[in-house]
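A short write-up of the structure that comes next.
Chain nomenclature is as follows: A, B and C, assigned in order of appearance, with residue numbering initiated at 1 for each chain independently.
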Amino acid sequence: MSKYLLNRTAQSIVVLFVFLTLVFVLVQAQPGDYADVFLQNPRLTTEDRLELRKSFGLDRPMYVQYALYVRNFVKGDLGTSFQHQRPVTDVIKERLPRTVLLFVTATVVSFYMGFTLGKIIAWRRGQFVEYASTISGVFLFTIFLPWLGLMALWLFGLELGWLPLGKFLSPRLWSDAPFNANYVFHRLLWSVFLGGGILIAVMFILNSRRMPGRAAMLFGLAGLLGLAGWFWWSTAGLAPYAADILKHMVLPVGVLTVVSFAGTMLLTRNSMLELLREDFVLAARAKGLPEKTIRDHHVARNALLPVVTSLMFSLAGAIDGGVITESIFSWPGLGLTLLESAVVGDMPLAVGAFVFTGVFSLAAHVVADVLYVFLDPRIRYS
Amino acid sequence: MTRAVLEIEGLSVEYATQKGRVHAVTDVNLELAEGESIGLVGESGCGKTTLALALMRILADNGRIVSGRVVLDGEDLLQLSEPEMAKRRWRAISMVFQSAMNCLNPVHRVADQIVEAIMQHEDVSPREAMDRTRSLFEVVGLDASLLRRYPHEYSGGMRQRAVIAMALACNPKVIIADEPTTALDVLVQHRILEQLTEIQSRRRMAMIYISHDIAVIAQVSKSVGVMYAGRLVERGPVRETFKRPIHPYTEALMDSVPSVGGEKRPLRLLGGDPPDLLNLPVGCAFAARCPRVQARCRSEAPPIVSYEGRWAYCWNPVNQP
Amino acid sequence: MTAGIEPRATDRYYEIRAGLFLRQMRESWKLFAESRIGLIGIGVIVFFGLMAVAHPILMATVWEYRVYHPVIGFDGEMVGHPTPPSARHLLGTDPLGRDILSMLMHSTQSEFLLGIVAAIVTVVVGTAVGAASAYFGGWLDSVLMRISDLVIMMPSLSLYIVLGTLFDLNFTTLAIAIGLVSGLGATAVIIKSQAMTVKVKPYVEAARGAGGSHFHIITTHMIPNLVPLAFLYMMFTVTGAIFSEAVLSFFGILNVRMSWGIMINTAQSSGYLGFGLEYWWLLVPAGLSITLLCASFYLVGRGLDPVVNPRLRRG
């Protein structure tokens, strides 16, 4: 297994370099270059222009520029944003946690929902169920995301007034807060990852040991973690602020989930139906196991493998969905940064945000890969 | 006279397909005494596996038991509700499947799959169940280090042994082995069969051993049942039946196998195909291919011919009493 | 002159090829027609195709240029644009006084163009990369597969956004970009694995033994076996292309004059979406068209699956 992981990591690094090269090529290929933005000023003389170009390093040969580019990337220097007059990396560092929180939550929720629904639907066979789920599934994932987002915003935000209209916090609540929003975000992220990680690890350890009431134990543990988290948050005084952020997250996560769970659901259903023909399902039935155990512990556990694989393929699309959602709900994360800077023409920030998006996607793929290794014993022990 | 642990009376099974109803098993009568080992032999598609699945009531969705009784230890399994039947499965009657490769779930450890079966039917702690599994592994000749491994880490022979261990886990009264060694090489096959027969006789389990290989049946079972086109056409002690078969089909089976030790004789292979199970012929199902066919074979169902504890359904039996 | 469906011994070579091709088309169509969803997909596509074709006809005959032109039209005779659907404007007008139906139909042409160009580029690139990768192997394979890995992993929309900043994107350039991304990504990988199975077929070996050049083998033997699969994935490419263009137009990244995405963009930037469904004709026709056309190509792709993958055929 470790050989496999090392292999994948090495591959990822290669891909990262190819990606950086691609971005470099694209930036070089555009008509004109960085300096042109500064050169809008007609009062600059020709010498000034040349000086400017030299200071940007634009007069050096291509391979030198490339080397500088790579070196800067490794150092974490992606240039300075025109709009914000700050280093690009600073702007991105500020906004990245918000995207990560949104993305992780949406992916987990939509996967869980899609998988569970698909599992249940596969077990209830019948023509009607199959038709209905196929049609609604196709409809849901071809729905135009911006349209859905806008509708949801209007319905829940304006008409019903249940949920906030955008951004990720209500300024009034935060105006005299002792904390900075990013602080809260970081805490939130850590809690989610820690709590989730513990749950998953425990689930794994319990996986093969057949223990009665295993599901109950897991839920109990989740509840306990939730309680502990809530207690800690309240004492730290962070609770109302965290709750505010979570309230703002409901709509974006909801919209993203609606669009993406259908694919998972249909794939889960199809995988499970195919697996029903396997002999080990017959053997499980012969052993007199209850239906639910056969469905969940045997069939669904195997169906998990192709579904996670396909999840890896859809990660890039999910990130794109995140970009759209961030823009609709004005959620100031990486995606919105990319879009705004693109529209405005802030090239360093746009390219920088894109580079980061690529790196984020790569990291997500590596995580999914590792996850898959843990799920399939044939790879873990071979 | 040992009492019968399993009595099958008039069992008929059908599959509903697009083309109509397939009569996979028709009117099978079989009695099995405690600890008795019977081999079920017949060509592919003759209904052996369907019979096995029907006994455990794990037929596919389109399969239906249309009539008959299956009395195990005094109660008719076919009359039980599904939850009650689930309690009996594995506990009273278990099965060693044909393709051991596929009947173990690839994502769970082998030992856990056996523990699962034990804990489903008995009130023991996980530790006790694992201890039981460990001793089961010993019984079938598997090393204890394999307990924590996954199916893909086992060889073919190991997997078969594991599946046998799994079938033994709840000490069933009846164990059905459906061609368990078909995919294995001869040496491994021989070893496993030896072990299986030894376990079976020691634990006094009744065994139904399904195979199309009569050599294996001769080695493993005391008695044999011959199936053709969904019917049980002959039944008797294995040596007698093979030496002096009653039913022409049994004779054809024997003739199609070369004998290593006996005299050299030409192989006589049976021509034609088994009948279409969608439209079973009136009269004897074997009439179309029978070398001893008579006029009445085609029109009337053959009567039972029995002697010396053997029987067969035939109008024109090969060896009369 | 044509050989009909069954070839005869006296037909000429190309006639036999044509006849076989026609027969295969007939069989494929029969298989395809078995799936209801495929037919629904085709139906919707035909409907939109008719819309696209009908627009210039309508503009030339029934509709007045000044009023009904999708980009610069303006209806001065009605007040209070955007107006709801009426006899004059079947789907109402937008905030700039333009007829919605006309805009919808006109955009259909561009959407089809976009889809077709993107699809062709995908097929060409995907087949070329997949076939070359499978056939030549070695370092070429490694390089191409790494590029495919990258493309699969990269969020395409974000890429198009950046491209929109660096370059000037219109329908054609966007279509080519989408086609490239699509073709180099999952399509190439799938075609490559199919090509690998073709590569080891006996007739390929025979062709090589007979002295066929690489080019000949690839074009005559491998490509015809890969095209059906590429055709299948082409359908999914069109779905993605239409969707991507709509989103990009909605965000204002593209340099196009009129498309469904632009229609929604106009509605939003003029602030009419805050009223929810009150001004539904600004939002629903365009959004629905996007969804329907995307879904229809997807359904056609699903319908084609049993034709291309014999394993999936029913019965």
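The rule is simple: a residue touches a chain if its C-beta (ideal position, glycine included) is under 8 Å from a C-beta of that chain, and two chains touch if they have at least 3 such contacts.
From a predicted model like this one, the values you see are computed outputs, not experimental measurements.
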Co-neighbours of subunit C and subunit A - touch as defined: none
Chain whose mean Cα position lies farthest from subunit C: B
Innermost chain by mean C-alpha position: A
Distance from subunit C to subunit A - Cα centre to Cα centre, in angstrom: 28
Between subunit A and subunit B, centroid-to-centroid distance (C-alpha), Å: 54
Geometric centre distance via CA averages, subunit C-subunit B, whole Å: 56
Complex contact set, residues of subunit A against subunit C: 11, 14-15, 18-19, 22, 26-27, 29-31, 134, 138-139, 142-147, 150-151, 154-155, 158-159, 313, 315-317, 319-320, 323-324, 327, 335, 338-339, 341-343, 345, 347, 350-351, 354, 357-358, 361-362, 365
Residues of subunit B touching subunit A in the complex: 56, 58, 85-91, 94-95, 97-99, 102-109, 112, 115-117, 119-121, 126, 149-150, 152-153, 166
Interfacial residue positions of subunit C with respect to subunit A in the complex: 37, 146-147, 149-150, 152-159, 161-167, 186, 239, 243, 246-247, 250-253, 264, 268, 273-277, 283, 287, 290-291, 294-295, 298-299
Subunit B-facing residues of subunit A, complex: 208-212, 278-280, 282-290, 297-298, 301-302, 305, 375-378, 381-382
